[in-house]
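Take a look at these structures.
Note that chain A is present in both complexes that follow, paired respectively with chain B and with chain C.
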Partner chain A sequence: MVRAHRWSAVSRARSKEALVGLLLVAPPTLVLLFLVVIPAWQAVTFSLGIVPADNVAYNSSLNLIRSDTPTLAVFRRLFATRSFTQNLGLTFFVTFATMTLLTLVSYALALYARFNRGRLSGLVRTLYLIPMFVPAIIAGYALTIFYGDHGVFQAALNRMGLPYHSPIGAGWGIVLGQLWVSIPFAVLMLSSGLDGVAEEQVEVARDAGASFWVILWRILLPLNFIPLLIVLTFTFIGVFGSFTIPYLLGGNAPQMLGVSMQLNFSAFRQQQIAVALAVFSFLVCAVAGYLYVYATTRRQQGAA
Partner chain B sequence: MKKSAWGRSKAPWLVTALLLASVGPQVAAQNEPITLNFYSEGDVNVQDLWQKTLIPMYQKAHPNIKINLVFSAHGTSSQSTLDRMAGAQKANKPSGVDLLEGNVPDAGEAGLLEKLDTRKVPLLSRVEPNTLARAQSYGVPYRGSSVVLAYDSNRVKNPPQTLDALIAWINKNPGQFTYNAPDSGGSGNAFVTRILRLGIDPASSSFFETDYDASKEKQWDKGFALLKQLAPNLYNGGQYSKNNVETLQLLGKGAIAMGPVWSDQALSYMKQGLLPPNIKLVQIRPAFYGGSSYVGVSKDSQNKQAAYDFLNWLLSSDVQAIVADQMNGYPGVRLQYMPKEVQTKYGSIAKDFSFNFSSKFNSDMNRLWYERIAGRQ
Partner chain C sequence: MKPTSWFWHYPPLRKALTIIMLAVFGAFLLLPLVSLLLWAVAERWNYPGLIPQQFGLRWWSWIFTNADIGKAARWSALTAPTVTLVSAAVCLPAAYAFARFDFPLKRVLYVSLLASNAFPKIGLYIVIAAFFFQLNLIGTFWGVVLVQLINTLVYMTWIPAASFAAVPRELEEAARDLGASPLKVFFTVTLPFAMPGIIVAVILTFLGSLDESQATLVVGAPEITTLPILMYTLVSSYPEPVGAVFSVLLALPSVVLLLLARKYLLGGYLAAGFKGG
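This part shows the complex of A and B:
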C-alpha cells in the first residue's frame, strides 16, 4: 500500500518533470518550425517545380517551371547558364582564399597573444577584436574608401611614385573584406584552444630542446585541431553564403552566389532561380557541416 | 466606394467613419485624426522632398492628417510591398497601404489600386492625358524627369547631338565614358534601353513598352553586340559605375568626361555645388527615356477621400512649383498651369523623352545584360 503510493508519487513527479521539459523545449522548436523548417521546405519544393498557388512572390516569377511532380528542370536550367558556372567559380575562390589566409593570419595572432604577455600584445588583443563591433556594411564602405579607386591608399602610394591597381570590384577585394570581418571570431576560437594546452607540455618540450616550429607542429596544432576545424567550417559556411561584403566590394560579374541570388530575385524577377540557388547553397554548406560533425565525433571517439 | 467598404467590414467604428465621411471630408477630417500610410521609393532626393518639404507642409495645413512615410531606397523593397498588398487583398484584410509611389501601372493592373478620374481628383484635368494613360489612370503623375547626357565642357567642346555621334565619340575617346549596370539605376538603364532599341523594328516599339513576349528579345541582339563592342572603350577598360550617383561622382572627379544621368538629379547636384560648373547637360536624338512618378491610392485604403484630397493638393500650382524647383523635375501638370519661371526653365525640354520597356522586358534586359555584357573585359 505504502509502496504503491510512493510509486505513483514518483511517476507523478516524473511526468511533471517531463512536462516542464516539453514546455522549455517548445518555444525554440516552434520558432525553428515556423521560421526555418516550413519556409525551407517550401523553398525546396518550389525549386523542384511545385509552385504553391497562394504564394504571390513565387507565382509572379519569370521563366517559371511548373510541375505536379518534383522535377530537376530548374536546376538543369540553372547549371546550364554560363554565368552560374563563373559565379560558382568566384564563390569557391573567395571562400577557399579567405579560409587559407584567415587561418594563417589568425593563427599567428592567436600564437602571439598566447606566448607574449607584454603591453603590446594587450594592444594587439584589443585591435583584433575591433571588427567584431563594426557592422559589415560600415566596414565595406570604409574598405572601399581606403583601398578603392582614387582612395586614400592609392593617393599615398602615388605620392611615393608607386603604381596601384585597386582590388575593390574584383575577387581579391571581397577576400580582403571577408578576412577583415572574420578575424575576431577565428582568433578568439583559436586562442581559447591554445589556452587549453597545458603550459607544462610546452615547457617540457622546450627543455628537451624542441624549436618553436617543432612545438607548433607536434604539440599545438594537433591539440588545437578541433578549434581549427570549427573555424574552417564556420568560415566556409559564412563566406559561401555571404551577401553584404561581396555586394559592396565585388564587381558586376562574376558575382558571388549571395549577390546573384538577390539579383535573380529582384532585378531579373526569377524568383524560382533565386530559390534554387539558395537550395543549392544550402546543400553545399550542409556537406561542409556534415564533414565537420563527422570529423569531430570520430576524433572524440578515438580520444575516448 | 462607400458600398464596397461597407461590404468588406462591419466594424462599428467604420460605420461612424462612413457617416462622417458622407457629411463631407472636411467634417470627418476635423473630428477624427487620420493616418495615411504612404509607401514611396526612389533616391535620397525623393525621400527629402517628401520628408522635409511636402509632408510637413501638408500636415501643417491639415492638422488632423498624419502622413506616415515608408520609404524604400532605390525601390529595393517595393516588390515586397506589392506582394504584401496582394496577399492582404487575397486574405480580405487591409494591407495598411493607403498611398503608393513606385510601380503604379503594375500595381494597378494587379487590381491593387483605384482608378482615378477628375471626379475623385479634380486637378487631374490639368495633366497631359498621355501621361495619365501611361499609368492607365492608376496614379497621379506629380513630377517628371528624363535621362540626359552629362559632359565635361572643358574636355568636350562639341557634345554629341545624336545617338550615332555618341557611339562614335565613345569609340574615339576610350576610358572617358561609362554607365551604371541597368538594374542599379535608371540612367544606365536608359542608356542600355536606347542602344537595344537600335535593333527593334518600329512596329514593335510600343509593344516593348507595354507588353511582354520573350521571343521578341531576339531583336535585342544587335544592341547587345554593340554594347559588347563598346565595353573595352569604357572607363578603366570596361568598368561600370555602381549606380546613378557614382556616374555623377566620376564626372565630378574628372575620372570620366561623359555619362548618362537623370536630369533632375544632375540639376540638383549642380545647384548644391556637388558638380563643378563645367558639367553641362544635353539631350541626344533620339532621346533617352524619361518618365513621370506616379502616386496611386490603394484599393483597400480605409481613408480614400483623404488620399484623393492629398493627391489633388499635390497637383496645385504652388506645390507643383515647389516640386519643380526642389527636384529640378518637370512638373506633373501641363506647363500652362505653372508660374512663368517654371515655364521658361522647362519649356523646351520637358516633353522631350522616350519611354522605357515594360517591367517584365526590363527584368529580362537586366538578366541578359549581366549574362552577356557585365564584367571587366
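This part shows the complex of A and C:
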C-alpha cells in the first residue's frame, strides 16, 4: 500500500489516512450529535426545571416548573400521580411478558429451523419473515379487527361454542401485537447464532445419552448466549419505547408510557411532563442499552 | 429419563405435536392478515360471519378519489427517496472509511452509531421534536427527513462497511499494477464487489422510511402527513374496509420490493436489525 520507504513518508501517509478517515466519518457522527446527544442533554436539563428562553415548545408548556438551579420537582410531581404508577406498571408488564413469550416462541422456531430439513421447515423459514413485510401500523390494525369485539376470532370461537373476552384494549392485546411484530428479528438473530453451533457437537452429546433439555441447557444456550442477549435487550428497549402498537391495541387507561408521552407532548400541551417521561425512559433503558451495545459489538467481533 | 421426554422419543407423537404447534403459529401470523385482505374486498361483513356476506370493490374507488390520500401519497413519494439519498450520502463514505482506513477513535465512533438503537424510540423522537421547535423544523419536510435519518444510520453504515471490508485486496492491487488509477479501481473493482451489501442497505432504508410512522407523527404533524400517518386517522374514524384497502395499498410497495430483492436479502444481512415496534 504505502510505497515510500522513509519513516517520515510513512507517518505522513498515516496521518493523511487518519485525516481522510475522520473527515469521512464526520457526517454520521454529526447526525448523531445533532439528533441524539444535544436533544437528550437539553431534555435532561429541561426536566430538571431549567427552561431555555429560546425554545417555544418548552416555554409554552402547561404546568411549567421553572428553576435557576437543577431541581427534581418535575419528577417528584410526576411520580406522585397515580396514572403514572399505573402506566409504568402496565409498561413493565407488557415489556416482560413480551420478552418471555418472544424468547420461548422464537427459540423454538429457530431450533426447529436449524435442526430439521425438509419442506415443512422451509415453509417455517418463510413464514416467520412475514411480519417484516408488514408495517407495524398495519399489523396493529389487522390484529385489532381480528381479535377485537365481534371480530373473526370471536366468530370462529362462537361456532365452537366457546366464550371469548377480547384482549384488545388491555395489556395482553398489546403483548400480542408486540409479539407479532418482533418475531422476524428475534428468530433471525437466534438462527444466525445457532448456525454457528456445529452439528457434531449435538450428535456427540446425543450419542452419549443427553436428553433434549440437557443439550439445550448445556450446549445450545451457552453457545448462543450473545444473540439471546441481543434479542432480550433489543426487545426490552423496543417495547418499552413503543408507540404504534400500544396506541392501536391498548386501552385509554392505563396506557403504556410511550402513548402517555406522545399525548402529553402534543394533545395535552404538557411538554415538560412528556420530556421528563422521555428522560425517565432513557434511564430505565440505560442498562439494557449498554448490554445491547456490548452484545452487538461482541457479535461483530465474533463474526469478523 | 425425565417423565416429559417419553413422547420426544416416540416419533409419530413428536411429529404430530410439532405440526400442531406450527399450525397454531401459522394461524397466529397469517389469519389476521387474511381477515384484513377479506375486509379489503368486503362490502358487507356482519358478525358472526366467518367470511364477508357481500364482496365488492366499492371502497377502492373511494380511496383512489380521496384528496387527503393523494396528498399523503405525494408526501410519501417525496420523503422516502429523499431520506434514502441523504442517508446514502451521509453514511456510505463513512462505511468505506470504517472498512479501509485507520484513524483515531475509529472503534468508538463505529460503536456509538448503535446509540441510535439503544434509546427507547418514542422518547428519543419527543426529545428531538422539542429540540426541533427551537430550530423551526417542526412540521417541515426537512425536519421529517432529518428525524428519519436516525433510524438509518446503523444499517446504512454497518452493512456496507462489512461488504467493503470483504472486497479482496488482491484484485484491487492487480488492477493497480495494470495501471488503473485509484478512482478507476474504486469504481470498477471495489464498488461492484460491495454492491450487494449497499443494495440491501438502500432497500432497508427506503422501506424503513416508507413505513415510518412514529417519528413522522411527532415531528411532521400536522403538515407532513405521509401515508402511514394518515393511517392513524383512518383506523379510528372510518369503517373497516377503508382501513383495510388502505393497508393493502400501503403494504404493497414493501412486498413487491422485498420479493424483487429476495436474492440479496437472503444473504444474511437481515439480522442487522430491521425495525422496532
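As a convention for this text, the second predicted complex is superposed on the first by the 284 of 304 C-alpha atoms of A that agree within 3 Å, B and C clash if a C-alpha of one lies under 4 Å from a C-alpha of the other, contacts with A are read in each partner's own complex, and residues count from 1 in each chain.
Convention: a contact is a pair of C-beta atoms (placed from the backbone, for glycine too) under 8 Å apart; a residue touches a chain by one contact, two chains touch by 3 or more.
Since the structure is predicted, the reported quantities are computational estimates derived from the model, not experimental observations.
Engineer: Considering only the touch criterion stated at the top, classify A:274 as touching first (chain B), second (chain C), both, or neither.
Structural biologist: second
Engineer: Name the contact category of A:151: first (chain B only), second (chain C only), both, or neither.
Structural biologist: second
Engineer: May I ask you to decide whether A:197 touches chain B, chain C, both, or neither, giving the answer as first, second, both or neither?
Structural biologist: In the superposed model, A:197 contacts neither chain B nor chain C.
Engineer: Of the partners chain B and chain C, which touch A:184 in the superposed model: first, second, both, neither?
Structural biologist: After superposing on A, A:184 lies in contact with chain C but is clear of chain B.
Engineer: Which holds for A:57: it touches chain B only (first), chain C only (second), both, or neither?
Structural biologist: In the superposition, A:57 touches chain B and chain C alike.
Engineer: Of the two partner chains, chain B (first) and chain C (second), which one does A:170 touch, if any: first, second, both, or neither?
Structural biologist: In the superposed model, A:170 contacts chain B only, not chain C.
Engineer: Check the residue A:234 against both partner chains and state whether it touches chain B (first), chain C (second), both, or neither.
Structural biologist: second
Engineer: Does the superposition put A:223 against chain B (first), chain C (second), both, or neither?
Structural biologist: neither
Engineer: Decide which partner touches more residues of chain A, taking chain B and chain C as the two options.
Structural biologist: C
Engineer: Touching A:81 in the superposition: chain B (first), chain C (second), both, neither?
Structural biologist: The answer is first: A:81 touches chain B but not chain C.
Engineer: Taking the stated contact definition, name every residue in chain A that is touched by chain B in one complex and by chain C in the other, in rising order.
Structural biologist: Touching chain B in the first complex and chain C in the second, residues 54, 56-57, 150, 266 of chain A appear in both lists.
Engineer: Any idea which chain A residues touch chain C in the complex?
Structural biologist: Residue list for chain A touching chain C: 14, 17-22, 24-29, 31-32, 34-36, 38-40, 42-43, 46, 52, 54-58, 105, 108-109, 112, 120, 124, 127-139, 141-147, 150-156, 158-159, 177-178, 180-185, 188-189, 191-192, 211-213, 234, 237-245, 247-248, 258, 261-262, 265-266, 271, 274-275, 277-279, 281-282, 284-285, 288-290, 292-293, 296-297, 304.
Engineer: Note which residues of chain C are touching chain A in the complex, please.
Structural biologist: So the residues of chain C in touch with chain A come to 1-2, 4-5, 8, 18-19, 21-22, 25-26, 28-33, 35-36, 39, 47-50, 89-91, 93-94, 96-98, 101-106, 109, 111-124, 126-131, 133-134, 138, 146-147, 149-150, 153, 157, 165, 211, 213-214, 217-218, 221, 228, 231-232, 235, 240, 243-244, 247, 250-251, 254-255, 258, 268, 270-271, 273-277.
Engineer: For the complex, which residues does chain B have touching chain A?
Structural biologist: Those in contact with chain A are residues 76, 79-80, 83, 86-87, 90, 181, 183, 214, 236, 239-240, 253, 255, 359-360, 363-364, 366-367, 370-371, 374-376.
Engineer: Flag every residue of chain A that touches chain B in the complex, lowest number first.
Structural biologist: 54, 56-57, 62-63, 81-83, 149-150, 169-170, 251-254, 263-264, 266-270
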